[in-house]
Structures are given as structure tokens and as C-alpha cells.
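In this document, chain identifiers A, B, C, D and E correspond to the written order of the chains, with residue numbering beginning at 1 in each.
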Amino acid sequence: MDNTLSNTALTEPHGPRPKRLISTRNIVLYGFLIVAALYWLLPLYVMIITSLKGLPEIRMGNVFSPPVEITFAPWAKAWDSACTGLYCEGLKVGFWNSVKILIPSTIISITIASVNGYALSFWRFKGSEIFFTILLFGAFIPYQVMLYPLVIILRELHLFSSLGGVVLIHTIFGMPILTLLFRNYFASVPEELFKAARVDGAGFWRIFLQIMLPMSLPIFVVAIILQVTGIWNDFLFGIIYAGTHNFPMTVQLNNIVNSTQGVKEYNVNMAATLLTGLLPLIVYFISGKLFVRGIAAGAVKG
Amino acid sequence: MSNNLTNQQAPASEATGRQRRHPLLRNLSAKIAAIPMVLVTLVGFVGCSVWSIVYSFTSSKSLPRETFVGLKQYDRLFDSSRWQASVENVAIYGVCSLVFSLGVGFLLAVAMDQKIRFENTFRTIFLYPFALSFIVTGLVWQWLLNGDFGIAQVIRDIGFTNFEFNILSDREYSIYAIVIAGLWQGTGFVMALMLAGLRGIDQDIWKAARVDGIPAWRTYLFIVIPMMKPVFITTLVIIASGIVKVFDLVVALTDGGPGVSSELPAKYVYDWMFGRGNLGQALAASTVMLSTVLIILIPWAYLEYSQKKDATHG
Amino acid sequence: MTSVAISDLSLSFGPVEVLKSLNLEVEEGEFVVLLGPSGCGKSTLLNCIAGLLDVTAGQIFIDGKNVTWEEPKDRGIGMVFQSYALYPQMSVEKNLSFGLRVAGLPKNEIIERVSRAAEILQIEPLLKRKPGALSGGQRQRVAIGRALVRDVNVFLFDEPLSNLDAKLRTDLRVELKRLHQRLGNTMIYVTHDQIEALTLADRIAIMKDGLIQQFDSPSNIYNNPHNRFVAGFIGSPGMNFLQGALVSEAGQWFFNAEGLRVPLSDYRFVHPPQEGQAVEFGLRPEHIVVGDASTTQPVTMQVDTELVEPMGADTVLWTNVAGHALTIRTDSESNVKTGDNINIGFNTARVSIFSENGERV
Amino acid sequence: ANATELEVTHWWTSGGEAAAVKVFADAFNAGGDTWKDGAIAGSGGTARPVIISRIIGGDPMGATQLNHGRQAEELVEEGLMLDLTELAEKEGWKDLVRPSSLLDACTLDGKVYCVPVNIHSFQWMWTSLDAYKKAGVDAPADWNEFVASAPKLREAGITPLAVGAQTWQTNGMFGVIRMGLGGIDLFRKTDVERDPEAIRGETMASIFKAFGEARSLDDENNSIQNWNDATSQVINGTHGAQIMGDWAQGEFQVAGQTAGVEYDCLPGLGIAPALDTGGDAFYFPVQDDPEKTAAQLRMASMMISKPVQVDFNLKKGSLPVRGDVDLAAANECMKKGLEILKDPANIVPGGDQLFSQDTLGQLEDLLAEFWTNPDMTPEDAHDAWATLYEEAD
Amino acid sequence: MTSVAISDLSLSFGPVEVLKSLNLEVEEGEFVVLLGPSGCGKSTLLNCIAGLLDVTAGQIFIDGKNVTWEEPKDRGIGMVFQSYALYPQMSVEKNLSFGLRVAGLPKNEIIERVSRAAEILQIEPLLKRKPGALSGGQRQRVAIGRALVRDVNVFLFDEPLSNLDAKLRTDLRVELKRLHQRLGNTMIYVTHDQIEALTLADRIAIMKDGLIQQFDSPSNIYNNPHNRFVAGFIGSPGMNFLQGALVSEAGQWFFNAEGLRVPLSDYRFVHPPQEGQAVEFGLRPEHIVVGDASTTQPVTMQVDTELVEPMGADTVLWTNVAGHALTIRTDSESNVKTGDNINIGFNTARVSIFSENGERV
């Protein structure tokens, strides 16, 4: 091939287009991102530094100034010995209760919702769409409306004030959005796969368990994240339906934060707050990437 | 075509195949598997809604009683200035959080989609508040927005000694404090949804627009946003269902105050249902909320549904 | 013996009638291709045979047994899908054995069948891989293997090649054909690609709008189309159609069109022609002879070349005669250029004439 | 007796309150049973739904705090509350409890269903002597002096009035001002007799006017929600005074302050020495287990017993429900209160007994709105208030 | 005049070098097709020309102007994408005019250009529709129209037909060719379908691994492939390759393989052959003559038929000679059956011989 061209003009543009690192575009772009990030980080920053300050320092100092003397006492107190009423056992009791509620609730609510989504995508029957529509409307019903009748329903089922009860409640309230997620996801799975499995003789459950489940990881990640944060942060259902011996961590948090023993112990409050939020936060930090990917994998279609 | 088969129905008599199943028994496992959903929709959602509508016509106090009083609860509801304030507030809160969380969420997603550095970090930063409970959000923002020692104090410390910023105790603006905290919590999730949507756009569209010389902002505005309609709809459903139900945040942040200036309908329902023992009034309020939602949703769902039908036929 | 018989099959999706009282009889060991334009109901028919759709009316027999209401797995069929529908998270081996495990076959039986299928399809080295790590052709073989292990008499294929590129398609076509010769089962194969249909089929069923238009051997379909739709659908580039009328003169029939008059001495009418009958005159591009050789043909004429399309082995000429477009396929040696006026010739024994309602005259 | 564990729900979580609960718990535990504390912080609004749901849902707690009065009426009607009549008769509560209205509030169809444990009245104003010292003004002896001294306090950088933003506080404050400026007679006319003339009368109008003027006395940018946070402001001397029930007393005590030294208390705003007798009561939801029922009765008996009443009320800052106890240990303010209580004419029933929670809620909303909305005129507020009174049940 | 010139173009994605110092010069008005297997860098090259990717090294000239650093819109190019990338919510008219409106052209100018493009492409009746309501072919025309209205000299196409079914593909190919003849602009067209390349191109650039293997006219590419890759890539069914060696005997060169000995009297060597050199002997299926006519060919032999594949106009025979597989393409009139032993013949003037490193000998 001829080489005349390359000789003509080395003075002319050649090679990669020169890029300025500090272009207007980059300034605007990163400026915007950084300002936004500051807004989002500010509360976390305040929570953390406050939780590490002693009370006198809080009273005198500026909310935003870093602690002069770092103390972990508030964390220890929040976890171990913060009081509500007569008990000074901190959050630690509630933590395990929360875990006790979280695990079965997450598993059962996601299990049922995923079966719903699967049935609604591959095994439609007469009226299945109507149920789905009602289910979606259900997402808009304020919890409070259902609080009362659900107390009565649970009483009749002998599930009130039990782990089973609160699991059922989380299953009910998680169902609309989760079913929507799973249905949209399964809608993007090729129907041929389903047909192939049927020709292979697999039935409803086997197709679900052996074919669909293993390929639904992304959407399960999304569902798990949503449920873990939702259930972990729940206060109302836990306190009403779970029974005293199962009070979740948020109940203790509420008690610690809302009861003042003389001076408001902001540092303990903040530490308690952070401790309560730790588990969902960790879940997010670990799986944030999977979360976005999972949403992209079908949750937002249609 | 060969028609000899029709004469040859013989195989039918000799072969005894399985008979046609009864319609109810077809798809049996699917129907069994759907029982929880059917129960939840019928007993849970429909049942509870009907229950609450029925008892909204009674004078039930702490406990449901069949003492029907016609529209009395509704008369009182619509006369109540707190209810009016609540409706007004939910409108403000709804519009603001819709506009800003969609707007800011989309902008953030766009920024994140520019092949930036530290994308993971930024995404986590925007997303983490979604992991926190409203109690936490309320507490933190109550603090930050405190006129005495919150952000306002910092600005005063910087030198603007006369700076006053105390929307928490300003009845005109207290609802915006809730908006600010709500946005802080929820926008990250919207961003994640939008980002997923953006990533789903055909790369060729971008190239086509560049060849056409269409500036990026116009591409977003006129091409990409319309293409992301399904994402916007999913997001809208999620945000809107959150708006209707917002409760914990108000309780934690302002408790409806000062006065009744930041009350919201869900709290109205809650207060009367439990704190103030007037179930009928609470249920009347919730019925109004429910029917508003239905009035908005049904035409929309109908439109969506009929449009989809058209699309498959066209 | 009849392997698959379909009698008066109808299927509707709500108000839309997709299959309309369709009949079809497939002999044992036959390779039948269902060919038709997109949306004509090919996949629907196949799904009915497989039992994946519930029929609205009619009956389906497989190996003499009425299976209209059987479960797919009990019909003695295997099916291969367009996208192969391999279970993505299972190894090839698991993919093959899934159906057998569902059926609860003994372990050694499963192992034996899988290894036999793997041997036939030459996929032994791939057994431990996941579908994601296979090429298109390998995936197809696995998909076929999944049908193979089921030890059934009837194989159903739904456009198994349409996702592949041209080169792979050619290779796999041959492989499929070989496989059929080796196994000898009945195969029903859906496609909308006529090359596939012509190369693979013992008989082709041409479908349109839920009805079978012609069910015949490839050469009959190609040379002797029953109606205009079949004629136009088969062949690439497509058959040339000229509008005109039949006229007779001294016991000799002619095809008359604007500026054209073709004597039909060699054409075998299947229905008695009528004087002045409006007809379409169909002529395949590859049945037209160009250049010097054309003079030996019964009918000759001169045409203007508008476009020359070299296609490797052949060249397609897009020409014009008295305002009628005429496509001609010739070998690549001819040196025709755009704009040339050339001589052509053809034999009316090889043309097809259709009445206004589309039936062959 | 068999040791039985009883869960007790209440919303007493502030410093003074918790100390008082401990008295109960210790006493109950000392009897060989176990007090399982079920505190739910964040005022009755948070706790009540939980309590009611659990009783309705069939998981009743052993005992629960509820404001006596009409709140529990329906639960009692449903047969969900333990009938304490036998115990009450045996121990002669009728004679012990003073004023008798407290027991009446626990009685439905002649049967007793709750134990009143203390007398609370809202009719107090707490002033910070420190703050006045700082401002160089004499501490006020009544409301009018307080209003007059307000500009001076402001000059010294002290906010005259500390108010928590919760609506019930505003409502209570209004009640106190109403009683102080209008007197007991007016109160009886409006709240007990519901006399329309009194309700819409001149005096009420002037009270609304005064309340309207009081709006300027608190923080412009008040960001405090809880009553005890407001009390802290008075304790710290950054605010001049707070109108709050006698439970605030407990906070001063926990902070180590002494009446008459660091702070002062003015019952009835220092004008009309009257006290309403609200108060707390404990109910005992019906239990299946007879063991528990027995323990419930033990607890009820313990709560109203003499030494417990004394200890409890000293800690809580409230007055005992028994007339026959010796409160030598009581502080200055409590003694003032006891003094007033001696004359039955000074005693008026609490709001919980007079109105349904429903009406109280509406009143709260109205007054909270009036308090925070400077555009709302006293006339408007009076009119709306009167309408609510006329429709109240 | 040179329309598009690419000089020493390199492009890397991180460590992966996709284009490797590539040179290409396209004449004005030429229709150039970039053909190559998937992943060879065709789209990447096209995107570089369009300015959608920043090059790593090298220069790009369009109409003599160095556009290496220009924005896509300023390069005077129009581009048509595989998925067409129509703006889905805009009407066809808006799709066509959006770029012009953004550029701020006067209204009447816009209207004029749009209507001219619509006329050329015959999409006037569709102007008010949305892309969703168009067929595949119509969409393609709109996509071309979008390039057309921009009044540019160079059109770039990235596999614009690969999403369509076979029949439509044939039709649109012809339309594209006609359009090119009518407009006369330079067109650079990416595909991996050789039929498209052969029918459309004035010149074909065969790419592999980021390098151009041969840039030549279709007939040269077909008849005279420079290397084994090009030879094997073009033609369907593919060229037959036989492994063997060159031997000379009495000044006459022979191709020797197991059981075969082919005299190379008519073969034109481009490099001097060496005794015993290991080579591959390439023979196109369609250059083999079957039956009686074969006797007239310089080289003849007998082969066993293993499979007969009728393909309408042609038939493909899969045969075996001395253990070497040989595919033969013949017309459909031959009546060869599976298992037949038949006579074949060919002319060594039409074979290609490649050395071990793949270069033509």
C-alpha cells in the first residue's frame, strides 16, 4: 500500500486527538459529582464524628468540626448499655432479634414473590393478570389502613406476636414490588428455555428450581438488597406483630434516641444510629455494583 | 392439499389418548403456587380496602363498630384544616420529590454514565442513604437543619453572623425540610434505576446522534429520555407509592410541626386510628387517599395497557 | 407407516385464528420442512405437535397414538429451538441428561445414552463445558443431543439455524442432513429460509396464513408450484412475473402482454385455458439462457440490462423487456455490462402460468 | 406466692419517669415476682397503637399504662381488661383514693378496671431563677408579672418561654392559661357543663387574645420537640419559664436542682390556685393464665400501696392518689400542690376524663396551629375552638 | 480523486490492539466493502473514519482534508447502523430533519432536502409514521435517508442488512446498489456476509485481525485470492483445500497428495515453486465439472458421492476422492444420487495454491 500520504503532513493532525485534562466539560462534570457527593456525605460525616466525640465537646463545639479527642465510649454505650426504661442493655439484644426476623422474612418473602413472578410470566392462567394488577395497586395502600385488620387476621391465624406473624406481614407488604421485579425479570428470559424444559418433562416446580433459579442471580440480588434494608429498618411491624421477645433493633434505637435522660446524648444517639444502619450499609457497600447490574438485567423493563 | 386424512379418522378410535383436562385443573401447580398471591390480594389488599371503606361510614372509635353514620366522617374530614394542610403538604412533597428525585437522579445517572473515574465510589455514596431507616434520616436531618447549631451555625461561624436558616421551625417551609431529607434518602435509588436505563440504550443511537451533530444535551432531552419511558414509569410507580405512604420521616423529623404545618395524610390516618381513637375518621381519610390513588392510577393503567395492545398489533 | 398425523387442527389466540383446520401426514423417517413467511403459523403448528400449546380443535397422532392431550414429555418427541434454549447454568452433560433425570431413569442408562449421543454428535470433549463456552455450531449439536438422548421417533426443529452466520449455516445444514440419514427418524423442521428447505427436505409443506399451500417434494415445489404464492416464495432471486392474458391462434396458445407475445407450445396446462383469460406468466431467473446459447431455446427475445450483480459463482442481471422487469441469473463468465442489450431465450416447458385467483393454469 | 413474670408497657422513658418506674419494678420484684419492662419511648402516640394492637391481637401484656378515662373504655367493654372490683373493695380504694374522680375514671358500670397511680396536673409554670438573676429582674410571682418581665429577659438574651413543639404541649399550655386567667368557674362552665354562653363569652375571647400575645414569647426558631428538652432549657437557664405539668418536677430533681433555689414553681400560673387531676393509671389486660391473673392483682395492690405511692410520686414529681400518706419528704412544689388539693373546690377533672381522645386531638391541632401561625387571629381561633366544644362528645 | 484515505491507522482498546497500522485509499464514487470475520475490527475501522472513536495513531483524510481530529458532524460523512438507530419516538420526517434543525438550517431548505431524500428513497407516504410502525426494509431506507439529507460525499454503512431475513436482504441489496449508481457518492460498507460483499462492491477489502488482507475487485478476490484466508473466506460452499506437496517431473509441476497427482500445466505461479514444497491446493466447488462434460477438462478423476444437497437452482455434492473431502457445485439437472461414483474434471487455470504460510504460490 502506498506510503505517500504518511509523508505528506506530519504537521497536520495525526494520532489521538489531544485531550485536555481540565476541560470545561470535566470541570462541570466532576464539579457536579463532587458537590452532590458532599451533600450526600455530609450527614454521614456528622454522624460519625459526633459519635466519636465526648459530650462536653459536642456541647461546645461546632457540629462539623472533627473530634479533638476520639472516644469510642458512645459506641460501646450504644451497643452495650444505653438505657430504655429500666433496661440498660443497649442495642445488642435487638440486633439478634433483628437478625431473627430478617432471615426468615427475607427468605420467605422473596421465595413467594419469585414464584409469583415466575407463575405470572410462564404459567399465566385466567385472571392471573387481574391479581397482578390488584397487587400493584396494593403498593399504594398506606400501611396504616391495613394495620388493624391485619391484627385481627393474625389473631385468627394464631400468628399474632410471633415470628411467624411478622414474617407474614413482611411477605405481604413486600409482595407488590418484589413480584413486579421478578415478573419483569422472567419476562426477559427466553420462552424457548421454558418450552425446552417442558419437552424434557420438567413440571412447574422443577423448571423453577432447576432452570429459572440458577439464572436469576441478578434479580435475587436486587430483591435481597431491597428486602434486607426494608425489613431491617422496619419499626412499626416489628413492634406490633413480632411480640415482645422479638422486638427488632429499631425499637431499641427508637427508645434510645427518643428518651432523654437529662442531657441528650447526641454521641450515643449517633453511634446507635450508625450501629443500626451498619448491616444494610455493609450490604450496600458490598453489592452496590450487583444492584445496578441486577436492575439493568430486567427490573426496569416494561 | 391432501384431504384423505379427514376420511381416515380411524386412528382416533383405535388410540386411546388422554382426555382433555378440565379447565380448572389445567396449570394446576401454577394455580397452587399462586395461592399465596391470590390470598394476599383478595384478603390482604382487597379485603382490607373494603373493610376500611365500610368502616369509614361508621362512628367507630378505638374499635370497629357497625354504627353507620353516613357521610359524617367525610364531612368532618373535609372541614378539618389539618386534613387540608395534609393534602396541601402531600401535594408539595409529592411534586417536589417527584421533580427533584427524577431530575437530580437523572442528572446524576447521566454524570455517572460519562465513563467517569471512581464510578463505584460515587455510586455507593449516592446510594447508601437508601440503606438507612427513616428514623435515622429524620434524626440526622433534624440535627443538620437545626437553626441553632446545624448548618446555619456553620455558616454563621464562617462570618455571615446574621445568617438564619431554620426551616424546621418555620411553618411556611417545614415541609421542605421533609423534602430535603426525603430526597437525600431516595434519590440514589432513582439514580440507580436511571443508570440501569441509560445503560440499556442502544449505543448506535449515540453514534447516530453524534454523526448528525446533535449536542449531547439535546440527545438526552429529545432522544434518550423518550426512549427511557419504561424506566421512568417503573421509577414513578416506586416513588409515587413511597409518597403516598410517607410517614416515618415526618414523625422522626418534625412530627407534623410546627403546628400542623408539616402534617401528611398517612400521619393523619395513623393519629386518628390509634392515638385519638376515631377509627371512622381515620378510615375516611384513608379511603379518600385510596380513591385518589385509584383515580390517578386506573386511567393511567388503562392507557398503558391499551397502548401496549396497539403496539403489538401495529 | 404414518409417523405424525394432524387432522383438522385449529388454533386461535383469542379472536385471532392462527391455524385453520390444518391437515398433514408425515411418513416415518421422512424429513419434512415447514416453510412459510414470518407469522404464518409455523412455530405455532410445531408447538401444537409438541404439546406446548393447547389446540382449539382437531387431533394430533404420533405413531398412531392420539396425543392431542398428552403432556409434551409423553409424546415421544424431541425438540430443538431457534436459540437452542440450552440451560445456561448446566454443563453440556447436565443439559443432555436433564430430561432423563427428570424421567427418573437409572444412572447407568443415563450415562450410556448421553455418551452415545455425544459420540454421534462428536461433542465428547465438550461434555464438561457450559453452553456459554461453546460456539454456535457446538451449541446446536448439544441442542440436538438433548433431543437425541430422549430416544424418540420424531424430532421437531424450530428454525435451528436462523441465528447463525451464512458460513456456519451451510456447514450445519449438511451435518443435519447427514444425521438424518444416519438416524432415520422422522424430522419436522420449521424455517423461513428456502435454501434450507430445499436442501434438507424430503417433502416441503409451504404454509401461508395458517394453511398449507402445497406439500410436495422440493423439485415439485420448485418446478411445479401449485399456485402463485408458492411460485413466488421459492427461488432467489424470485420468479419473474409478467401480467398478461392467454390468447389462442390456430390451436396454439400464446401469452400476450404489452409488447410481448410468447408461444406456449411446450407448456402443459393443468386446467383448460380460456380465451382472453388474465394470467400471470412466471419464469425463473435461472431458466433464462443468455448470449449465444440462447438461440437454441424455443423462445428468444432481446432485453436491456439495468444492473449487473456479480455474486461469485453466478451473476444476476436486472433487465427490462418492453417495460417488464426481468431478473436473470447466469454464470459469472458472461461479460454483460450495465446498459447492454442482450439476447435471451427460454423454454416454456419450464414456465408456470397462474390464473387471477393464483391457481396454476 | 409463685414467682410470675409480668410484662408492663409504658412510655415513661425520661430521667425522672424511669426512676419512678423503677420504684414499681423494685417493689414488684421484692414481692417475688418479676417485672418485665416494656418501655416504648416517644410519648403515647408511639406506644398506644402497640398496646392496643397487642391487646386486640390476643397477646396482652401483664399490665399497661394508659391515660385513664375514655381511652380504654372500649377495650373494657370488649371484656379485654381485668376486673379489679374485688380487690378494690377489699382494700377499700373508694375511701383511699382522693380525689374520688380518679377512681371514677377507672370505673365502668360500677366495676373498677384500673389502678390510678398518681395525680398529675398541668397547671404549673416553672421558672428559672438563674435566668432571672442573669437578666437582673425579679422572678415573677404570676403570669402577668412574667409577661411584663419578658422584654427584659429578651434584652439579656434569654427567651422568656420554653415550649416543645408537640401539639399536646401547646394544648396543655392553653388549658393552664385558660384556668389561670379565667378561673375555675369558667373552666367548669366550659369544660364540664359545656355552657355555650361561657364558651363563646367575652372572657374566653380575652383569654384567646392573651394566648395569642403569648405567641411572641417563645423562640422564634423553636426546634425542640420534647417537653423534657424544653424543661432542660429552663434548667440550663437559657429560657425563662415553661408551662408544663408537674412531671417536669422530676427533671429538675434529676438535674439536682432544688425548688426555690435554682427554680420556682407557680401552680395555676400563680393566679388561680387550681389543679386538674389528670394522671396515669395502669390497666391489666385479661390473661388466660390464672397465675398471671393472680400476679396482676398483686401488682395492682402494690401500685396503690402506701410506701410505693410515696416513693413513686416523689420520683415522678406527681402527687399520690392516696390521701392518707405522709409526704414529709416532699419538696417545696409538691407541698404547694398538696396544699391546694386539700380543698376539693380547687380540683377539676383532667382533660382525658372530660373529652374523648378524638376531641382532644382536634383541640390540640387547632391550638398548635394557632400557636405557630401568626396569621391566625384570636377571634378565628376562638370561633373554631367554640365549634369544637359544641360538637364534642 | 481520493475520497477517503487512511494512513497508518492504529487503534487500541487498552492493551488490545484492534487496528494495526492500517492503510486504505478509497476513490471518489467507489463502493468499497469491508469484509471479514466477526471481531476483526471492521466496525472499529468504520467508527474511526466517522470520528466516533479516537485513533491511537495515524491519520484520516476525507476529500483531501485531514479530519483526524474533526467532530463526526464536520467530516462530511453519513452513517447507517446495523440496528438503524432511528430515534424511536420521532416521526420519520423528524428523524430525517432533526440533524438539520440542530444545525440551524433554514426551514425551507430543510423541507426541500427531506422531500428530495424521501423521493429518492420512495418513503413519502411514510413521513408521518413512527419507526415502530415501519417494516425492516422501510426502516433501513429511513436510516439511509438520514445520511442522505446531510448532503455528504461519503456514506458509511455498518452491516445494515444483517438484521433482516433472507428475502428482504436480497431486495435491499439491489436497492442499495441502484441508489449508489444514482447518487454516485463514495460508500464504505461493512459486512461479514460475502454475498453482500460480492454483489455490492466495486472493491472489497478483506480484513482479518485488524489488517487488510486483500483490497481488490470482487472478481479478483474470488478468482485470484492472495492468500489462503481470503480464498477460504470467500465462496459458499467454501473452497476445497487439499494438503500436499509440489513436485516437478520433466519440467512439469505436479501437485501430489495421498492417492492424487494433479498436473499443474495451466497454473500461473506468482512465486517460483520449490521441489517438495508443502502446499494447499484450493479448488472451488463450482469450478468442478460433473458428468460427460468433465471429459473435456484438462484434469479428470472419479469421486464417490456421500451426500446430495439440492438447492433449487443448484445441487451441492459432498464427495470423497482418495480420502479427501471434495465439495462440488453443479446445476440441478444432474441426476447424481448418494453413493454414485461419478466422473469430474477441472481446469488448473482456476485453482489456487498456497504455501504453508498461507501466501499464494
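Everything below uses one rule, namely that a residue touches a chain if its C-beta (ideal position, glycine included) is under 8 Å from a C-beta of that chain, and two chains touch if they have at least 3 such contacts.
The structure presented is a predicted model; accordingly, all values stated were derived computationally and were not measured.
With steps allowed only between chains in touch, the distance from chain A over to chain D comes to 1.
Per-pair tallies of C-beta contacts place A-B first. Chain E has its Cα centroid 27 Å from the Cα centroid of chain C.
Chain C and chain D have Cα centroids separated by 90 Å. Our note on geometry: chain B versus chain D, Cα centroid distance of 40 Å, whole angstroms. Mean C-alpha positions place chain B and chain E at a centre distance of 53 Å. In chain E, no residue reaches two or more other chains under the touch definition. Listed for chain A are residues 147-148, 254, 257, each touching two or more other chains. In chain D, 49, 56 are the positions where the chain touches two or more neighbouring chains simultaneously.
Across the interface of their complex, chain C is touched by residues 190, 192-193, 195-202, 206, 210-211, 214-215 of chain A.
Contact residues of chain D toward chain A in the complex are 7, 10, 12-15, 18, 21-22, 25, 35-42, 46, 49-50, 53-54, 56-59, 61, 226, 228-229, 232, 251, 254-255.
Across the complex, chain E is touched by residues 1-3, 5-6, 9, 12-18 of chain A. The residues of chain E lying in touch with chain A in their complex are 5, 7-8, 23-25, 54-59, 61, 66, 68-69, 212, 215. Within the complex, the chain B residues that touch chain E are 202, 204-205, 207-208, 210-215, 218, 222-223, 226-227, 311, 314.
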